[in-house]
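Next come two complexes built around subunit A: one with subunit B, the other with subunit C.
The block that comes next holds the complex of A and B.
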């Protein structure tokens, strides 16, 4: 019984901490209405692209690889979305072009990683800088999305904004796929113990490639939503690198320490959203924001290491 | 005894570069038999097993299973046909539950959606068959190694294979578990499942196997019924030569006390353990898996920090602030239990593995002298007769016995006072074993003390001057191997208090 309690407390320490922290912030900064209805909606709206990209990254990490390309790709994709939508005035064409680009780049990375055994970390860093570079070559200044119809995409609401529903669906489907299907089970085995996966007859490379492709789709969706929400595009990706990483790592401190999981990533992303919103509201400078996010990332990695240490001690001796 | 032929291997050849791993192997595996595959390290046993599993496609030859040519099928297809291989390496997914681990390859699904309820029933059935009870939701990483071995066994049995291949299944489990495993094998035989049993432990093979196929240099030398093949003939066949003295007989007077352990305590793993070792003495520590052998060795080497107790090396206390670095300064050498994780630098050449702890001997002003390094490594390599005799060979490419020789060999460049050897002959073939035994004899002749932690009782009796028997972290008894029988030691290990007193 005590063990069970302990298990639940460990699993839900992170979301619990999140709620307590939010309440504390609200109490300290009593004048800032952090949790008004409007604000909650805004936080959700602003978190959509972070959480979708973090979900994509989670797929890649669950397959046992790492990725950094998303930061650069996010920037590039938003610019491509803005440009195509200005040319065609069509949301779906813009989304399609972004999706094709993101999926093909991720396919390329996946092939390099699985077929030629390149380090995913290094390849994705290279892709990140290349994407930043390509973006800067073509777009020195802010690109505005002209079409009001496209700009209003993120304001469509059914109780909650449509894009928040989309995010919810993406997470629900992912949760189901990862925990309840053979595909998800196999993907997790590949990430946890590659040799066991090979012995179990799982096609490791195919799993990894699929994870990259799903991630590509999710980042394309995230970048499109971000573009319509912001309207004026200028180097969107650079501020998202830290919160997206932090979301995944914070999430991995839930349940089994160090294991990336869908629910954890969602909580991690929401947590980062709340923190960011709060810092915006009390007018913290953006440099300080990134320092704070860095601290959160280190703390979350530290949490995993700390919890793993006790686990390792248990196993080894 | 033997039924019809289930699997027929004909003329299988497999090359790795210029090395012939399998050189035209013919082998028939029949229904309802327990078939032992024996051979020295590098004889081709593992390659043959990987061929059976579909992990290697033979360069030549055919593999026919139930009148169907299955040469070149991928592992999953071969598993589906009913051939399951349990590898020596336990590929447990540590963060997943026991249930998930057992159903790794074949989770029951309905339209791609997992059905754990059905899986749970299937797994329960298999575990009942094995005669073991697990809390299926428990994380597999928290299990002991011998429990993990049974998880892997259940993983293979859950699909009711017709042929089960076991590669060194007892190298990590204790005697009680071995008995349990043998019961499973007997039960499988009664149910018509053939077991192919690969092991270095000749005793076990004579206990459980009906037939023995002996391999040497990639060829099958002979297959015989177990009762028609005496042990010494088997050993001669395996090695291609006769071994005269298996255990070196070294009788010498023990010198002064080199190690004194008093009241050592570490949680419930080491419980008030005291003993001593003299110069020139070989002392064995025997006990079941989990009895505390490795913990004691690790405490002496400074890896594990005990709660209480004292360790004196040459009369000097090692606590406080004991550490492996200090242990080496006290001239203590360690050959750890887990060779791959602690004993060797896997992806490095033999050369570096031999010289890594001997940097002083091969460097001047903190700079490594490549010439000296090569000379030292070559000397040690020759002394140990590591095959192939190539100091630039990557250590993880060597066979288990040769790896172990290198791991021991790094301590031979300098004189050490005390050698701690933890399961030093696990997974090592009988030829290399004899060489290692000879080496231990040399070391003790040179005046060093040797502590041999082992689960091999014959080894303990044959080699040591004294045997310390552990049960649940306590020293139950200290015996003289000359006038103690194997059965006596065994019952002490099993915790039979009456005999112990």
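The block that comes next holds the complex of A and C.
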């Protein structure tokens, strides 16, 4: 009984704490309408791209690998999306080109990681820097999308904005796939214990490659949404890196402690969104926001690591 | 009977004839020939240009020494670029008119702060066991926020002539090259000749075994981050002396060079090797300068550096270098 209690506390203390923290913020700064209906909609709209990318990263991390390339790819993809949609005025063509680019780059990373058995972080850092370089070349002052039809994609509403529904669907499907299907089960085994997965007859490389491909699709979707909303985010990609990582690591400290999980990632992304919005509303400078995000990342990861410190046999690269 | 061969020692002759060093020298010669014929009037081969290439290689090489030490201990540091920027800012600020520190105390204070930042990352990695990628990513954004708050985004100019003298040209070659040689010799003795260097390599190679050997893995892991941050801070100071003015993010991009050089050298040698880092730094500087003279956009030069990093990884895997496997290959 006591053991059960302990398990629940470990799983739900963190999310409860975050909710209480958010409510406290609202109560202390009573004049700031943090949780008015309009504001909640805005927070959701602003976190769509972060939470979709974080979901993609979760797939990769669940398979036991890591990725940094999305920091460079994200801004490159928005530049590509803006450029293609300004030339062709066609949303689907622009999305298709972005998706093909993202998926093929992720396939390349996945092949290097699985076939050459090299550290995924170093491979993806190389890709990140290459993406920064290419972005510098191809950025031709296309910061905004000209066509109003494409721009309106992020403002279509059915109760909530369409893109928020899309995010919800992506998370629902992912939750179902990860927890209920054989594929999700295999993916988690691969990340948890590679040797056990091999013994169980799971094709480890195929699982990892699939995870990278799904992540590529999700980041393409996220970048398309972000560029219809704010235009191409030239050279701002690295500022998306921190909230996304923080969302994943915050997520791994709740619901299923010590493991990356879908609901946790969503919760982490929303929390990062709320904090960012709150800081914007009380007029904190943007640099303080990055300090706060850095602290949140280190603290959340530190909490997870500190709780599991007896299990940590090796200092991880 | 046949006399037994003497065990191999790292004499200069062995160093030159090791296959990896030969590869680097061949690559350098190849790019020398390539760019000489690609630039108008063979201007690439002028002594002044070659001197520039050598000088350009100095600061990336010092960064790469720091990154190489961290890699040798099986860590990684994404915050080196921002550490260098903030140290350059601090040193320039300490020497500015209102405060007027002499260069040497200013530099010492800067290096001390760098050591402090590195130690904090090192403590988080070694005591809590957090992945060093995550710690240094967080640290990077902390520093970005802090420096923006302190400076408000403005640049700091340097008026101290003796500080600028660090990068001046007195003996035909830039003082920076002499500094690189001094730092390189220090790193050589620290990492390749001392017990401490061996311990770092050992922890990087097999942390479990070194724990059973009774090595102090926690403090060794912490110290690699301290050393890396000190070297990065020193690189930032040299950058400030050379440029004469410091913007808040002027040294950030040096991270790409540091990673490329250190990983390239590390995967080919399978360990920290001073000569390898210096040679790769010269190679990268040659390629960068050559592409610049051919009129290639800077974006493509950055792309090229990332590509070189990727190629070095693939090359090491294809050549199947035995020592490389223990390092950098996960699990």
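By definition in this document, the second predicted complex is superposed on the first by the 300 of 317 C-alpha atoms of A that agree within 3 Å, B and C clash if a C-alpha of one lies under 4 Å from a C-alpha of the other, contacts with A are read in each partner's own complex, and residues count from 1 in each chain.
FYI, a residue touches a chain if its C-beta (ideal position, glycine included) is under 8 Å from a C-beta of that chain, and two chains touch if they have at least 3 such contacts.
Not measured: the values here are computed from a predicted model.
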Subunit B versus subunit C as contact partner of A:181, first or second or both or neither: first
Which of subunit B and subunit C A:301 touches, first, second, both or neither: second
Subunit A: partner with more touched residues, subunit B or subunit C: C
Partner chain in contact with A:291 - subunit B first, subunit C second, else both or neither: second
Partner chain in contact with A:135 - subunit B first, subunit C second, else both or neither: second
Residues of subunit A that lie at the interface with subunit B and also at the interface with subunit C: 314-315, 317
Subunit A residues touching subunit C - in the complex, by the definition given at the top: 66, 68, 112, 116-123, 125-138, 194, 241-242, 245, 249, 285-295, 297-298, 301-302, 305-306, 309, 312-317
Parts of subunit C lying in touch with subunit A, wherever the complex brings them together: 74-76, 124-126, 128-135, 137-142, 144-146, 148-149, 207-208, 217, 221, 256, 259-260, 263, 297-307, 309-310, 313-314, 317, 328-331
Residues of subunit A defined as touching subunit B within the complex: 180-183, 185, 188-189, 192-193, 195-196, 198-202, 256, 258-259, 311, 314-315, 317
Complex contacts: residues of subunit B adjacent to subunit A: 74-76, 79, 87, 89, 91-96, 100, 104-105, 107, 109, 112-114, 139, 141-142, 266-267, 269, 295, 304
